[in-house]
Structure formats: C-alpha cells, structure tokens
Amino acid sequence: MNVGIVGATGYTGLELVKMLVKHPRFQLAYIANSEGDTTINELHPSLSGVCEDKVEKADVDAIAKHCELVFLALPHKTAMAYVKPLIAKGVKVVDLSADYRLPLDIYEEFYCPHTDVENLSHVVYGLPELFRQELKSAKLVANPGCFPTSAILGLLPFMSKRVADTPIIIDAKTGVSGAGKKLSEVTHFVNVNDNLFAYNPLMHRHAPEIANKLGVDFEMVNFVPHLVPVTRGMLSSIYITVEGDFDAEALLREHYKNDAHVRVSSKPVDMKNVAGTNFCDIYVQKKGNLLFIASAIDNLMRGASSQAVVNANLMMGLDETMGIPDIAYVP
Amino acid sequence: MNVGIVGATGYTGLELVKMLVKHPRFQLAYIANSEGDTTINELHPSLSGVCEDKVEKADVDAIAKHCELVFLALPHKTAMAYVKPLIAKGVKVVDLSADYRLPLDIYEEFYCPHTDVENLSHVVYGLPELFRQELKSAKLVANPGCFPTSAILGLLPFMSKRVADTPIIIDAKTGVSGAGKKLSEVTHFVNVNDNLFAYNPLMHRHAPEIANKLGVDFEMVNFVPHLVPVTRGMLSSIYITVEGDFDAEALLREHYKNDAHVRVSSKPVDMKNVAGTNFCDIYVQKKGNLLFIASAIDNLMRGASSQAVVNANLMMGLDETMGIPDIAYVP
Amino acid sequence: MNVGIVGATGYTGLELVKMLVKHPRFQLAYIANSEGDTTINELHPSLSGVCEDKVEKADVDAIAKHCELVFLALPHKTAMAYVKPLIAKGVKVVDLSADYRLPLDIYEEFYCPHTDVENLSHVVYGLPELFRQELKSAKLVANPGCFPTSAILGLLPFMSKRVADTPIIIDAKTGVSGAGKKLSEVTHFVNVNDNLFAYNPLMHRHAPEIANKLGVDFEMVNFVPHLVPVTRGMLSSIYITVEGDFDAEALLREHYKNDAHVRVSSKPVDMKNVAGTNFCDIYVQKKGNLLFIASAIDNLMRGASSQAVVNANLMMGLDETMGIPDIAYVP
Amino acid sequence: MNVGIVGATGYTGLELVKMLVKHPRFQLAYIANSEGDTTINELHPSLSGVCEDKVEKADVDAIAKHCELVFLALPHKTAMAYVKPLIAKGVKVVDLSADYRLPLDIYEEFYCPHTDVENLSHVVYGLPELFRQELKSAKLVANPGCFPTSAILGLLPFMSKRVADTPIIIDAKTGVSGAGKKLSEVTHFVNVNDNLFAYNPLMHRHAPEIANKLGVDFEMVNFVPHLVPVTRGMLSSIYITVEGDFDAEALLREHYKNDAHVRVSSKPVDMKNVAGTNFCDIYVQKKGNLLFIASAIDNLMRGASSQAVVNANLMMGLDETMGIPDIAYVP
C-alpha cells in the first residue's frame, strides 16, 4: 500500500519517515515539503544511509497519483487547503494539524474561518481508544493534539465517577520538541536549560479540544502547560473530585484491558519509559474524594506521528500495532 | 557577631558558607560536620582561595564557646539532639531540619518521637512574611521546608477568598539538589536527564507542614511533588477555588507590598530568575472561580539557607536583607 | 537460533534485550543476572508489555542447555569464569567485558591475573572493520570497548599517513551511561549537569587497547576521556601529524566504502545522529600536516551491545546488518 | 567613579550590570543599547527589584557626559565606531569586542577593514596576567576573547618548555551562552540537548588571537571548539610536546603564585567550580614529552565581563579584585 508524507521538514515529519521506512505493509511512495528540491537525509542527516529519498514540492495531483493514503504534517490553518482536493480525489488523509479536530464554531473561535466545512461532517477523531470502530471506515482522520491525547486517556476511565461541576485540573509538562523546529525565545537552550515555567496558563487552545472530546463544559477544564528542559516527552498531572468508594487502579486496568497501547502502572509513570513509543502509561492515586492521575506519552509519537500511523493502520484494515515502535529510548 | 554552621558537608551547608563569608556583620567563627578533620574547601573545592577554614567535628561546647548563633544544617531527627543543649547554653539556633516545624502530635506521626518537647513550646516558624515580629525575639527558629515555603507564600494572599472545603492542589516541581548529596536511584544522572516524574504523590510529608501553617484541614491539602532535570529551583503550581469578584494580581501586590523578598510578576514566573537568591516570585491568573498561582523559589536559598540567614538577621536585630543575595544565576 | 544474555541488569544488558526481542533470526531463549528470581520488565520497566521474560540466576549448565550463543554483559574480571566452561561445552560467546581484549601481559598489567589463558589464544577482537573474516569462524569474540571502537575506527584509514613517533592525541567525550548504573559521585545529577571535566587523563586503561589494536607503541597514545552531561553518546576528537599531500576525506570514504556501519560526513559529526544505532560517523579535516578526525558513536550500541549483535550475526553466518538498529534517536 | 555600559541587551551586558550594581567604587551612571527606551529589568527580568535603571539609546555625547569609563559590549566590527570618538573625548574604554585585539593586518584578514588605526597603536590587551603594568595606565583596553583567555592562561607557563615547531592542540568545549542571545540552529534546545559537536574545526577566528599573544606561528595553533549542552562554562584541553625533565605542576604554581584569579588544581578542573566567578582553574599532567593542560573558566565572566571589570579596576587605580565575584554557582 502506497502512502505519502506532506510536511517532511519538521519533527513529526521525521518521525513519520522513521516508522514508514520500516513498516511491513506501507510503502513510502511520496515525500514532500513546501519547497521540495531536496532529499530526506539532507533535511534530517540522521537518515543518511537509511533513507535518501527525494523530497518534492507538495502537489495535490502528485499525491493522488502516488498514494492511497497521505499523512499531512502541516501547520494549523494550512492543512485544510490540501484536505479538500485530496478527499475529492479519493485519497485517504490523516491530518496531524488541528484543522479538523473541533466542531466548526469552536474551531473558528480559536483558530480562523474554516474553508472545508463539508469534510468536517464525516471526519473521525483519531483516538483509537475512543473511536476504533469509526476509524476503520474513515476517509479523513483528525489526529489528536499531544496535550489532549495525554489528558483524555488519563481522564476517560474516571469521568463517570467525577462530581459534576467540579473543576478538572490538568497540570501538563512538555518537552521542547513540542514547540517545533522554529527558532524562538522559548526554544533557545539558555532560556530552557535549568529552567521551568508555565505558558498560556488557563488559556491554551488545547483546552477546548479536551473539553469537547470529554463532553464537558469548557469552563470546567483548567489546563496549564509547562515547558521543561527535556527534548521529548509529556506528562499530564490531572486532579479531579470523585464520589463513591472504588478501587481506582482496578477501574483503570479494566477500562484499558483491550488496548495494546495503554499501560497501567502501579508506580508513578515517567517520560522516559514511553519515549520513542506509542504507549500511554497511566498511574492513579486516590486520597479521599480527590483523584490524582499521571498520564505519560511521547509528545511526538503518541502525541502525533505514531498515533497517526496507528490510525492509518486502522483505516487500511491492518492490525493497529503493525509497525508501531514499542521499544523505548531508555536509557 | 560570631556565628557557626553545623552540617557543612551538604548543599545547604555550602550555601550558608557562601553567604556568611560575605556577610557585613556576621563572622563565620565555627564550621563543623559529623567527622571533622578537614577544611571547607576540601569539602567544596569551589571555595578554594575564597574560604579555607577548618571544619571541626561537631561539639556543643565548642559551638557555645565560639558562637552567639548557630545554623544547624543537619538531617531530620538528628538536629534536636543539638538544639536542646545549645538553647540551654544560651546559643541562638536556626534549625534547617524539620524537627521543630510541626506541633508535637503531627511531628511524631510523620517522623519519630520528639526528645525536646520543651523547646517546641517557644520555637518560631521562620517564614518572615508570617512571623516577622516573633522572629525578632526568637531564640530558636524552625526554618521552613522548601515545598512549604513556596506553597504557603503563594497561597497566603488568597486564603480569605477560598471556598471552604474545596481542595487545595499543589503540583510542585523541584530540582535535584533538593534530594541532597546522597547517592540514590533518583539522583543518578541517567534516571533524571530527559525525564520527569511525580514521587510520593498525595503522601509527601511536607503536606502536613503546609496545612498546619495555613490553618486548614490536612485532608484539604493535595500535594504532589515532581522531580525535574534541573539542579536548583522549585516551582509550585497551585490551584484553588475562590468566590467573589476581585483582581487577583492587585490583591497579591497589596499583600506583599512591604516584603522585600517577594516579587509579584504579571508574566508566568520561572525557576532561573530566582536561582541563587532569596526571592519568591509569584504569578496569579483567575479563570471563573479557579485561581492558578505559580510560586517560584530557589530550593536551596529561599527554600533553606538564605531564608535561614534572613531569620538570623531578624534574631540579631539586623535588617533582614543584610547580606542576602539578590543577583540571580542568569543566564 | 537460540541465544542468551548473562548480565541483564545493566544498560548494555537492556540494549541487548531490546535488539534480540526484535531480531529476525535469533530467539532470546535465556536471560540471567547474578541473583535471578525476577523478570526483565521488573528490572527495566520500559519493557512492560513488550518482553516480560523470566530472569534466571546465571548458571553455566542452563546456558549450555538453552543457547547456541550467549552474550556476556558482565563486569571486567568476572566474565572469564563463565567463558572457560561455556567454550568447553561448545557454546559460542560474545564477551562484552575487557577480559579477552588484550594480550596476556598487557591484560595482567592493567587488570588482574588471567584465569583462562587457553581461550585467549583463539579469541577474535570484535571489530568487524578489522576482523570480519576471522569473526565468521570465531567461537569466542572479545567485544571492543567503547572508547577504542570510536578511536580505532577514526584512526584506521590514516595510520599509513602518520609520521612515525609523533603523538596520537585522542580527546574523547562520553555520556554518563558509560559509567553504568552504579551510583557514584560522577553519576550524581548535580555533579554532571551543567558541568564537564576530564578524568584519568593520560592514564585510562582503554589506551593500551587502542595502541595494541593499531599496532603502535603505547607511549604514543595520549588518551584523555571527558564526562559530559549527556545520557548516551561518544565523540572522539583525534589529532595526528601526517605527511604527504592527500585528500583526507576521499581516503576516508575509500577506506570504508564497503562497511555498512560507518558513515563518512563532510560536516562535523555529532552524538545525536548516531544515538540508538550501530553507526560510526566520521569527519576529517586537514590543516597543513595536522589531521583532525571526529568519530561519533553511541557508547551503548556501537560501543557495546549493537556491535555485539553484529558479531553474533557474523559468527552465526547471518548478514551483519540483520536486526541492527539504524534509525537514530533524533530528535 | 561613574561608569557606563553600552550594549546592555546581551548576556555580557547583563553580567556587567550584575557586577557594577554591587561594586564598591564604581557607580553605574549610564546604560544603553541600540534602541533605548526601556529599563534594564525589562530586558533582564531577574533584575526586577534590584536594578530598574533606564536604558538609553547609545549616544557618544551622553556617554562622555556621564562616564569616566565605559564598557562596550557590542558586536565585532561595530564597537570601533564608538571607540574613536570616546577616546577623543577623554573617556576610558574597555572594549569587549574583537575590534582592538589583533594587529591591523591580522584583524583585516579575519574581520573587515579597520576604521580606527590610530587607537590600535596604544591599545592594551586586557589579560592582567600578561599586561598588568600596562593596564594601569591604559586608556583603551581590548578585552580578550573567551577561548583565547582560557587557552593562553593554560599555555603561558609552559611555552619555554615547548619543542619548537611542534603543534599546539587546543580542544575547547564551550557552553551555549557563548553563542549569545541570538536565535540560531545551534542554540535551539533540541539541537544541543543530549548532543555535542565540533564547529569550525581548525578554522575558528580565535586561533590567530591565541597565536599572536603567545608569539607563535599561526600555523602551529590547532584550535577546535566544541559546543556542549551547558549554559555557561568553558574548558580548554590543551596538548603540547615539551622537552626536559621538570615538575609541571610546580612550574604552574610558581608561574601564578602572585595572581589572585588563577587557581592551580592537583585534580582535573571542571566548569562548575568557576561558574559565576573570574577564576581560571588550571590542571596539568605530564606523560613523557607530552603535556596535557586543562584550563577552565566561565565564558561570560573571565571570558568576558568580569575580566572587563578587573581591567577597569586596574585602569582606575583600584585593587584588581575589587567587586569581582569569587563565589561560584555551585551546586
């Protein structure tokens, strides 16, 4: 099965290449970025001797000619211009941007006017633990954001125990690769090393995505991301008020007993044990009516690229674990 | 004024030496650790050419002979054996351990039987923003823990606005120096670098200290510390439910308008801007009824040694800012 | 083909497991450490859900019963006690310790008396670029040290150009995982983070291994390792005096044109592009008669475990690249 | 004595402010950058509550009006446009750029045409260990580069022992702050963290400065800088061939016995013990005819700003140690 990548320059593009060159069934038949005229190992020297394919200037006709399915690793607001003609030409799409993750009104409030309302009607949100069946017949998948993935997977098993109208608090910590390759104050080594700070507290645009998928009022979701001096990794520390007497860890294990890419841990989870993999590791601790949930993922993998390949597997009728890395970057 | 340090081997002992050799009024007349027979620059090579004083084997009579005031930078449970005879001999004591921070019953529940109940009756908790007047006449000061310092300073201005019986959530992040010089799994570079995790979630023994000093029920304090790949620094991200309509930043500024060592920031605070200083930098953001407070300190300075010297300044009738570092380790 | 690992607790043991559970032809049939009675995911939690095999207490008869070939990831001086009986029982051995890397006299000078002189006579030094043919029929392979691997691969192409009796200078930088899991001052996060220093300058015991394999006088090899705040990675910066007019990069490319695991770079090499792989990336620059060679490897992979699996591939008649990671931990 | 800083935005400007606000005799009377219209704590938030002075748009007349001496922390090639009129107006200048460090011909080969040849004739190179007497009467001081400072101080005591026409090898490691605040690929956290690489090997323009001040042929100086994942710090590992039988450490101690800011160490030196100070820590090891010298400084302090204040002290008739930090950023 021929697949392609548009947006090969960034970190998520690199992760897609790393998986697809080793995938048992997908053939990486087309790679593009906005300029073209280069090779993938020129963009990412670590691929020298491994994959030295040409990188084209992105073109819808070329994609449709070469690929049954394409991964779009493009900036928010620019992906939708590709999705519309690609779906029209019958190419399946996994879109890693935010463009199809939200209902129209919420998207337009937090991003910009949407230019492809039609495809919004049938898009499937690419979190297999929520929409596995729908993904199997999807033509367009909106790959979740990294923060929502870690937060939603941590919260899902406990939403029925939550006391209504109590705040959901998500104190998230992310590695710097989440900010992308772009140069900026917050990615300058000197500003990040030996440092740690919150940014956009209570105002980050991933909050509406979390609220929408959990089906709770946006006002209840209190989301504060922190930047930490780590290259890759994400840990969401989540606090909710619950009612009733129950064994939180048992409930967590039961909820995910059939999910290959969620691991429940009896000890607090960390970033390194999931680095380089699609695993989401989750830990829970209960004290009175308060639940502390720690949910760890690799922001570039489960938070983006490996989840995208899982979605592609499902869309193409393959086993969802096929070609998905499970060996962590440890030590 | 002659002062001494008992416990010069560790990081807080080093920080005390660094301040006291430059202090305008205190004379560092005595330095000891548990073995003696060395010099301070042998223990801490960075002091070579700066301070090369002898380090004695700790001895109560020698302390009393040389010092008006002594700093005890000793492990929990061992400090009280020094405090009792020192107070009896008329030496003022700033104790950096946990031994006198808590009421008897709480201390014995979380630590061990207390062997100096008498002095517990008159000890002053060394947080100047809470007990400045009492500190001026104190003979024995219990220097606060690092986590309680950052949490309490962040919470104090807003306790009157808090809705009763709602959880106080403190998601704290600390640098590795907080774990001390002792070798352990969690201080091994490979386990910490590019990693991040919670430890003792909801069960850390700093929680009762926070609850006790704020005057709230221990059950309401939900404290989760995280270890981060940073040498020094502490950030407490605090979430509480409040009522009423008020300007949170204005309230914060008003509360600390007379405190030289608290800085209110309109932007999220970070670890580096306070590293090496006694400042506590605080930021607040309100969203509906939820308050997010970020409180940053240097865990070894405001969280231990520089706060101890501030307390000594007050006890000896000096200006509390005398000899206290205010120039941060930036960049 | 059934293979085993003795010494599964450490970092090199973990790397072996990570490769062998994915190897197309090797079956990981036996895992042991010095205590046994555990599982591999208990020792290395990142393997949970991936490999949860039992870990036995190491036993020569059990190894011989289950394995055609065994990897020994044991401390120097203790490996030889296993090698002798294993070879006698017909088990092939890849020894990752230093025990068989050196001629008897040099080994005994730098380590201890050798208790298996017999097998020293036929051991093959496991650097495929030097001894590929011999490795194909080897029964016992001494896997090279990490520093010698990076230094020798950098120097080999240029030894014929070197001016006799001029110093060979190897300024090496290694990540902290090279010091192993053992707790020590130099692996304490606070001592390594934001720091860098040489250790055992001109006196490290890897120097005789380098001299011996290059066939030069030990006195000519000046080797200074530095510890750097990096988890995995090794860069050797090498300086030699050469004669004659030649294109150094062309010579380097020609030398390694048939070696799949050496990449020649026209830009200075770095640690990250080889992290997690068996590649050795080499760069050379000539200025007058001085040659600067930079040689980068992953200290745990090409410097230990992946090179061991390459050697096992050769010993068992397989393609040397089979099951060897080539996708780097980037970013 | 009134002094000023032009170029307050960068890291070296910040370090100058940090020292000058605490200096016993210098009054910081003027601060400027290229835009002005801001405050120093707006540029450097860590200074809030410590120094909140106005920052002016740099102007020669204003400098001359307010200052007896000025520090120029400006980019190479732009500083000389300020020096010429300032010297003409009788203002003493410590120039932290490269503009006056080299003889005319060498400067113009490596930088650009020089527009102030007149002042080149009387400039003093600001390395007190070489030119202390000349500095006392200097009107214009060229503050040395960071790499040359560490390399020259390491080499000076041994130049008389060096075998003529043998290569001087300087393998230098620098923290990222040396690259300045400017955003670039090599300062992006993701590219530096867990990584290490050489840059401009054998071709860096600090090499001619080293050769010129040591009085050796430029061809003999082989200088290779490496970028390391550290914020501040510089270690030069130096290798030279010597003749004669001598005690290298004794020679080193003798050479610097009267220099307050050089510390000789019997153990390999590191970056942290000098961080935040003006110390240069030096270690030497001899093996046959080869000398290994390790020389550590803080690149922003001894490599720039604190050396500049030492020079100013000398120019103004003060003790050279006055107001110079000697307490390291440890841990």
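When the chains are written out, they are named A, B, C and D in that same order, and each has its own residue count from 1.
One rule holds for everything that comes next: a contact is a pair of C-beta atoms (placed from the backbone, for glycine too) under 8 Å apart; a residue touches a chain by one contact, two chains touch by 3 or more.
Everything numeric here is computed off the predicted structure, so don't read it as measured data.
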Where chain A and chain B overlap in contact partners, by chain label: C, D
Identity of the chain that, by mean CA position, is farthest from chain C: B
Winner on C-beta contact pairs when B-D is weighed against C-D: C-D
Separation of mean Cα positions, chain D and chain B [Å, integer]: 36
Cα-centroid distance, chain A relative to chain D, in whole angstrom: 46
Distance from the mean Cα position of chain D to that of chain C, given in whole angstrom: 40
Where chain A touches two or more other chains, by residue: 11, 177, 190, 193-194, 229-232, 272, 331
Partner chain A, residues of chain C touching it in the complex: 11, 14, 18, 21-22, 44-46, 48-50, 177, 193-194, 231-232, 260, 263, 265, 267, 272-274, 276, 279, 300, 326-331
Chain C partner contacts - residues on chain B that touch it in the complex: 11, 176-177, 181, 183-185, 187-190, 192-194, 229-231
Complex contacts: residues of chain D adjacent to chain C: 167, 169, 171, 173, 175, 190-191, 194-199, 201-203, 219, 222, 224, 226, 228-233, 235, 237, 239, 241, 268-272, 275, 283, 285, 287-288, 290, 292, 294, 331
